[in-house]
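Everything below concerns the one structure shown next.
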């Protein structure tokens, strides 16, 4: 049971940039005890379906280290394929990032964000989106510096938060214990201007009412506002100037 | 462009029960030109994580025939694994069905619903949920008839609909063309009482506002009301009597 | 035990063309309670080994829905690969179709026939060949209509039947129960002119004599004659005129 | 073109027993320049579907070394799975061996015959059946010697031959060149008493008539008679005495 | 070219224990700019081949994050299997750890060490061994604390180092650039008492003489001595007391 | 326990060239009861990473027949992938061969050596290297004869031997029993001039001292000298003349 945080209060967030030396963007993000390393890679290529379409691409991959959790999980390379959960999450991260970037303004390039969870304590997909956005911004800065693109293709910030109903109370930024006992669980992705990119709500143990839904959405937008502000602080002047 | 239906008007729905002869529930559902065969299988077993927990299980698998679509898709058995999209959809169907069934009231049994898309014209995951529920109900009736369970574990109906913003107009039950051009796309699953089970909204080509979101949610609930009524007509007396 | 059909009497055959709307040929064929959906896809490509050889290609894929049978089978996409039985059957269908088509007369094109078994009650491979041939003919008609080819490359009809020795009696078109108890089981594919394309005979529980073999072969040719006549009725004038 | 052998004349056959030291039966068989190593393994286990059924099992696996052929083939372990052709052949070998063995008389044991083609010059599946039978007989002798079984479960010999129509001439035991140019190709498996176990005939480049078929079948039985005699010479007294 | 370190001088080594909160041992080790996270998991199980043998087991898995290197590598879960290099390295780590632990003294337990390379700058397998040993020791301490075992099964420390000939000079602890240009490359694993556990020497671009070999071996033992001292400092009293 | 050979005495070696008829080099090598078939294939292609680099390539694949050993092993094609051991060995064989060949002198060509173990009695990787070298030399002769290359790219012979400490005695060329009980096990690959290409030493059941190591290395060089002499006898004049 959560005793030390108010419903809308987020866990402490720390953002470490340039965490590794090779990636064009490398961000270690901690939300409470959830820790994700987000590395951005810029490659001069586009996927097959975009060839000849004057567009770039942004995609994401997500994985958890085997002992990121309380019990060790088998490596997906041993199982021969990513799980359904992994694919669902990495597709979400990719869609979230693509929603705020003008792909035509980075034509010919693919940016891949690898989100590797070092420690999981709830909200790993949200932490991944939040860290991935900053890694993406750093990669954009590196492309600007290298003259690959003339101006920033980023049009907004994008952030994610989990909200849920736990013991009949709405709470934001659930940790693992809260999340695993939540009756309703919602992940919301929105831009810095408060527009929605993704809403994924699930009634885990019971359906939920329209009223529950509205309360959770408000809580989510409040949390995303807090995170967006932290993200904005990290942005360079040249990226800020192209935000709409 | 949609010219013949009002925004809230659904495509014609036809439900054919007992479509194949072996399955405990076998429903061919058509929503417009989207056609899905939903076969329910009852097995006296539960997955490993439920052994000894006095519970049953309901799960779903989803697949499209290679030429269900305009262009032929490679078979997933040739690729060696289901795609991320397939896994995401079948997880959604499973969660939707589990939300309205009391798993303890079918302890020791697993019901698997196979949703195979014969023809895809938008909204295949929603048609799958809608048909799968009736196949599930038929399987429950067969279990009652066989004395496997004493009373129906179903607590509500459950239905799904896609809604979206197409040419700046909100529309329900999008067909493939509408869906592929929608700027915002939302899949909503709800019970017959209008409580939400899943909300999955995505701003495909642009983020969307709270207002857009609220309009789409209303449209979705209206459509789900229509589908729920059709589903209810199909239910046996013994299932109806245990709905909450 | 078969009481209602004479040894040479086939189960009722129904052929539904244009069953789905996208495929260039789409045939739902029922032989008794065995039901197969055969969809033909035309693609402007040839496999690697035919590039530059002035030839087209015809191939087939075969699959059963998980609950096409009395007991649910695991999906092959979950197992990571088609089973040996699946591969054996789809190779047979492909060879059968190629035996009656002039591949040089459709140079540069591949026609893929997907045979998906919706309900299996014995003889699925034969029903697949029989339905696939009509789907192939419809695909050829669509190619003629589209001007892809100038004249039909089909040189004959091709049909398949299972025959077997059941309770020491030779029988044609075995259903599942008959087939599973047959001591000798033979699948025969032949053209409309009664020439053999494939003969696959197996002594399941005992070897069989030359005399048994000759009786079965006669029974098979009789049955194929009946099916060929049904197939011929479905053919367009322009296809009929190029049959040898 | 074949100049040195009459149509019914087989290529030279050599049989080397105890080729390797570990296997319970180890036979190197050469038919002309086709060379196959057949190793039999006896294990005290039966497959799941036979547990508790008072039966044994005989199965086969087939593979070609990468450079068994003129052009190097990729290893199937690199491709992640056996090809359709491989599975078809190993299923044929297994069925052939099971047709002449009384599985109840070896209850509780599985014999696996590995057929590995060291050099392929046509007829590898037939050479595999012919060698596998002797390896199986040697394994049976070892089981008798070890007291695992009281008497031989073998009821007949079993042999295989390919026949075909090459340049409009029927020929037996085709080598690779003959086989690849054959218009009709038939593999026949029969017991030492001349009863059929498997007949697999394919009109590769053209359908074939009943008359062609009958000629090929005669040729096949003649060849199988020759091979059966060679096999019989290799059998121990205790196996011979239980042949029917 | 290495200008700032003497041949026998190692890159700076930092060891951070308890890096993550769940694992029974969690060590982040940096050797220069190579950074590896080593997490130890204790499970009450042994692999099948040890059941009933009064033994425990120690094993390791190794992986690199996709962007641990200058160029992004494809995830092994996407490729469906670990590469040959990955398997070779994780087998080496496992053997190294098993060489200094008395498996009978931890009967019934498996310790798995996951070595995940966050940043790779040469010598990742050596850093993995060095960090894995300390994670193993921490896991042993946790087992002692939990009363799973009565005394430490560790009999020695174990450490690893790479040595090579670069520009005709022998060097220890090569970074990526040095390693990629080394003419001879040797990985040596040895105990704290200077006894060898593994020697893997490869003449990458040219064979090497006995004299080269002896010089490299001396250099390796010197480096391992330095690392062993660092490791020893980290050990608890109860582990130290059982070192031989 | 070894009673009939002195520590430095090798098991009898027999080399059969042109064992199969298709391969450009085909060598059956027996070292004692270990028997490996080494087939060399020449292809006019290079791997992707060498395109445009004026180089050729030499690589190896290794496999064991399922019953090459006392107990039958599952086929790797059934498991979907080569084991870690297989990959480790084939990488070793490839590196060994590449160490003594000038890849630039065979630019544009790849030689693949398939080493398939027919019978395994210890030292299979060493027998593979020893036989593979001769198959490689035969392939080089065939390339010279075909005018693909103007002169031999081989610069030395290369041979391998296993040595170990068994019952506290150093022994060369261990058979399976000796190897499985060896406390220390070393595989050494060296050129005909006695220069090392690979040294892989492992303390299986206990670490080993520098002195043990030196004794084993001497024993290995002695054995490699014996094998190199046998290999040299097999070489053509045109290959001998380019050895350094």
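By written order: A, B, C, D, E and F. Residues from 1 in each chain.
Heads up, the rule we're going with is that a residue touches a chain if its C-beta (ideal position, glycine included) is under 8 Å from a C-beta of that chain, and two chains touch if they have at least 3 such contacts.
Which chain is which protein? Per UniProt: A, B, C, D, E, F = Ribonuclease PH.
Fair warning: this is a prediction, and the values are worked out from it, not measured in the lab.
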| item | value |
| --- | --- |
| Contact-pair overlap exceeding half with B-C, pair selected from E-F, C-D or A-E | A-E |
| Distance between the centres, which are taken as Cα means, of subunit F and subunit C, whole angstrom | 51 |
| Averaged-CA centre spacing for the pair subunit F and subunit D, given as whole angstrom | 34 |
| Where subunit D touches two or more other chains at once, by residue number | 80-82 |
| Arrangement of touching chains [line / ring / star / complete / other] | ring |
| Chain ring listed from subunit D, with subunit F in second place | D, F, E, A, B, C |
| Contacting residues of subunit D [partner subunit C, same complex] | 80-85, 87-88, 90-91, 95, 99-100, 156, 186, 190-191, 193-203, 206-210, 213, 217, 221 |
| Residue numbers on subunit C that touch subunit B, as the complex places them | 20-23, 26, 33, 35, 37, 39, 41, 43, 61, 63, 65-70, 72, 75-82, 86, 112, 114, 116, 118-119 |
